[in-house]
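Below you'll find the structures, each written out as structure tokens.
Common to both upcoming complexes is chain A, partnered first by chain B, then by chain C.
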Partner chain A sequence: MIDLPFIYDAFVQLCSGIPLTLQLMAVSVASGAVLAIALAAMRLSSWPPLDLLARIYIFIFRGTPLLVQLYLIYYGLSQFPELRKTFLWPFLREAYWCAALALALNTAAYSAEIIRGGVLSVPTGQIEAARAYGMSGFTLIRRIIAPQALRQMLPGYSNEVILMVKSTALASTITMMEVTGLAAKLISATYRPVEIFIAAGAIYLLLNFIVSRLFKQFEYRLSAAQRQPLYRRAAGENA
Partner chain B sequence: MGALSAYLDLMGFAEGAWGMDMLKATGVTLCVALSGFAAGAVFGGLSAAASFSSLRALRALADGYTTILRGIPDLLVIYLFYFGSSAVLSQLGALLGSEGFISAPVFLTGALAIGVVSGAYQAEVYRGAVLALSKGEIEAARAYGMPNHLLFRRIILPQATRFAIPGVGNVWQLVLKESALISVVGLIELMRQAQIGAGSTRKPFTFFLTAAVLYLLISFVSGVLFRIAEKRAMRGIRRAL
Partner chain C sequence: MKLKIILSAIGLLATAHVAQAEDVIRIATEGAYAPWNFSGPNNVLEGFEIDLANELCERMKAKCEIVAQNWDGIIPSLTAGKYDAIMAAMSITPKREEVMAFSAPYAAAINSFAAMEDSGLANLPETGKPLSVDSEAARPVLEEIARKIQGKAVGVQGSTTASAFMEQYFQGGADVREYKTTEEHNFDLASARLDAVVANATVLAAAFEKDDMKGAKLTGPLFSGKVFGMIGVGLRKEDTALKARFDDVIKAAVADGTVKKLSEKWFKVDVSPQE
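Showing the complex of A and B:
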């Protein structure tokens, strides 16, 4: 019933979409992270208008489907002819940059809350102690807050990155030929949806498996303080 | 003010305006999301039950289901359900003598696809809720000689429901946003209706923004409802904070 050689063929063809999927993911995760840090800082700011602004942003981007955001940018902006004269137009007329922008704006909203949670998990006593030592501003963030917040937020953030890998599939709706785009094209060319689904699904599972492994590895490296010392593990003691 | 009245002319409820179409499409979105969510509750419940089974094969099945469906883009699953069932229908049609492509009903396949995906998320929520029960209560019920179905009905279900509410709320928000993806196979829900309007009036920004506001409204209202439900369900619980 299931045609293995065909699945293999489809798998090989779909693999040519992986670079685009990964590129979209990397560009949007990286630029989304920068925006997310700014948003998290706004959420934590003691000046209410900044907090409110970030709240509104997060509410809007988490409360609407990514597809609407994508279409608003890709199709919607063409309603404003004035935009065509600005320096932004060479980017906004490309499906690639529209997809990257929508994904980045979307992930920033989710990541900002993850970052905020990480920062809030740093014990107040430590921050007070650092202040008592005369540390302030950037030094305090670099030495005390950032390392611990990073460790805390990593599991949540890895979920977000996996979501982003899956979300890149939406770029296929605006003509991008990444893995899902290629799969849809293959399905309509061959009418063999099940086999192609298996091939494409395997690619996404593989990508997500690699992403989650990398994050686990990173988490392990960052949590040296929580691990048992080697000599105790060697002696077979329990923590 | 000119912009506002132009907007009202376009999205109002007069003859030739798009307001009624958009509202109807919002209704379709709600229907398809609710059906998908309900189907997901069935799949999720079964999968959560399987994950507590004493049979290893059932546990592995549940584990595979939640891992795979949560690791694959929803769009692919929607394509699979739509094109897969259309392929089956077309073959059946060929047996009966009709020729060509028979399109599967989009509402049904879309709701099912969302159901299968959200079932994987709901399974994890229900599992977590059952695991959050205190062991002592289950042991006590066993000690009283309660058979499994009574234990489930009297002890597990009422408490697990309470713990599951926040997680279920999250899954519902996810389902609502996922339902927009069904527009790619042609179901005229909110997203698709906005595309149609955008196409015939050449005002894509206006239509997609309207759709975005409607989605935001639904998700805001359901967020409020879930918070009320959580508060009600937690009435009897003592908490430190």
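Showing the complex of A and C:
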């Protein structure tokens, strides 16, 4: 019943959408991370208005569907003729930048909370001890907070990146021909949705397999302290 | 005695029920393709095809349930049995006929380019004149249009005859972008993301009557021809009896002018198929 050669064919054709999918993911994850760090800093700041501002942002972007945000940015903003005369229009005119913007704004809200959780997980005793040694500001962050916070937030953050890979599929709704967009086009030419969606699913699975492996590697490197020391393995114990 | 009456009553009810179940025809439409089919006030489906479907069902003495279904999944859901027929301005094309059957045509498809008045594409040649893309006369016109739309962003609804038309006649020339609905490409035409769109002329003309589409106009010839095809009721291949029922009533409705009357009511022009 299922036509394997056809699935393979579709898989090969859909592979030409991978660069766009990865680009959208990379651009939005990178710029989203920068925004997330700023938002997390605001959330942790001792000045209430900054905290409140970040809270409102996170509340809005976590509380509404990404598809709605994408439509508001793509179709909503274009309804204002004034905007079309500004320097922003060359970017907002392009579906690519609208998709990247929506994805970045969305992931920033989730990532900010992940970063905040990571920072808060560093025991206060360590920070006090570091202060007692005369560390402050950037040194304190670089030596004490960041390494531990990064280790704590990695599992959560890898989830977020995996979600982002899949979220790029929504860009197909605003004419982007990434993997899902190509799949839709192929379906309209062949009327065989099952085989083509299986092929598209396989591509996302493959991409996310690579992403999760990379994070696993990264986690392994950062968790030297939790691993068994080498001399015990040398003494014949199985790690 | 009493028991007999009850039993026969149950029997009667049962047969009545079966008869009713057999005579319900579930028809899918898109609901976003005004004036062919669209959601009016209170989400009630309206349009040329809704009126026609009700008319045809009355002639078939069947009860019709009309449901809205996304264009993307409209053919797979038919083959999966979610409904029995499609009336969604769907053109009869050889490619579609590989996976489904069509009734006799109930309308002809006429497509056109549209652009904003102030854009360079607002004066394509032969504006408003009927032109069959299969004819000899079409070649110079198509060539001139191809030159004008070279490198321009042109929106079409995906998996339609409009997208097939762009692919077949302007391959590699314009930057063709596919949308889920015609409403979405109209938005992008108004916001100057697109230089032009191609869609069914009746749909575009109706859309441009709205305020937010002010300044948009049809441009170039009113295309017809093989690539656009005729519009028929989409059916499953195995439902030959249902096809025969639809064929009969459609031919009758075309012959007695009912289709023409409905067409003029909704489109202000006659789109009934001419043999």
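By definition in this document, the second predicted complex is superposed on the first by the 235 of 239 C-alpha atoms of A that agree within 3 Å, B and C clash if a C-alpha of one lies under 4 Å from a C-alpha of the other, contacts with A are read in each partner's own complex, and residues count from 1 in each chain.
We adopt the following convention: contacts are C-beta pairs under 8 Å (C-beta built on N, C-alpha and C of every residue); 3 or more make two chains touch, one makes a residue touch a chain.
Since the model is a prediction, treat every value here as computed from it, not as a measurement.
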item: Fit or clash - chain C, chain B, common chain A; value: clash
item: First (chain B), second (chain C), both or neither touched by A:205; value: first
item: Which of chain B and chain C A:72 touches, first, second, both or neither; value: first
item: First (chain B), second (chain C), both or neither touched by A:167; value: first
item: Touching partner for A:107 - first (chain B), second (chain C), both, neither; value: neither
item: Contacts of A:28 with chain B and chain C, given as first, second, both or neither; value: neither
item: Touching partner for A:184 - first (chain B), second (chain C), both, neither; value: both
item: Touched partner set for A:93, first chain B, second chain C, both or neither; value: second
item: Touched partner set for A:175, first chain B, second chain C, both or neither; value: second
item: Chain B or chain C, by number of chain A residues touched; value: B
item: Contacts of A:152 with chain B and chain C, given as first, second, both or neither; value: neither
item: Superposed model, chain B segment overlapping chain C, candidates 94-102, 112-120 or 148-156; value: 94-102
item: Chain B/chain C common contact set on chain A; value: 75, 78-79, 173, 184, 187-188, 191, 193
item: Complex contact set, residues of chain A against chain B; value: 59-60, 62-69, 71-72, 75-80, 162, 166-170, 172-173, 180, 183-184, 187-188, 191-194, 197, 200-201, 204-205, 208-209
item: Chain C residues touching chain A - in the complex, by the definition given at the top; value: 72-73, 75-76, 95-96, 98-99, 155, 158-159, 163, 177-180, 184, 187-188, 191-193, 212
item: In the complex with chain A, residue positions of chain B that touch it; value: 67-68, 71-77, 79-80, 83-84, 87, 90, 173, 176-181, 183-184, 191, 194-195, 198, 202-206, 208-209, 211-212, 215-216, 219-220
item: Footprint of chain C on chain A - complex, ascending; value: 75, 78-79, 84, 93, 95, 173, 175, 177, 181, 184-185, 187-189, 191, 193
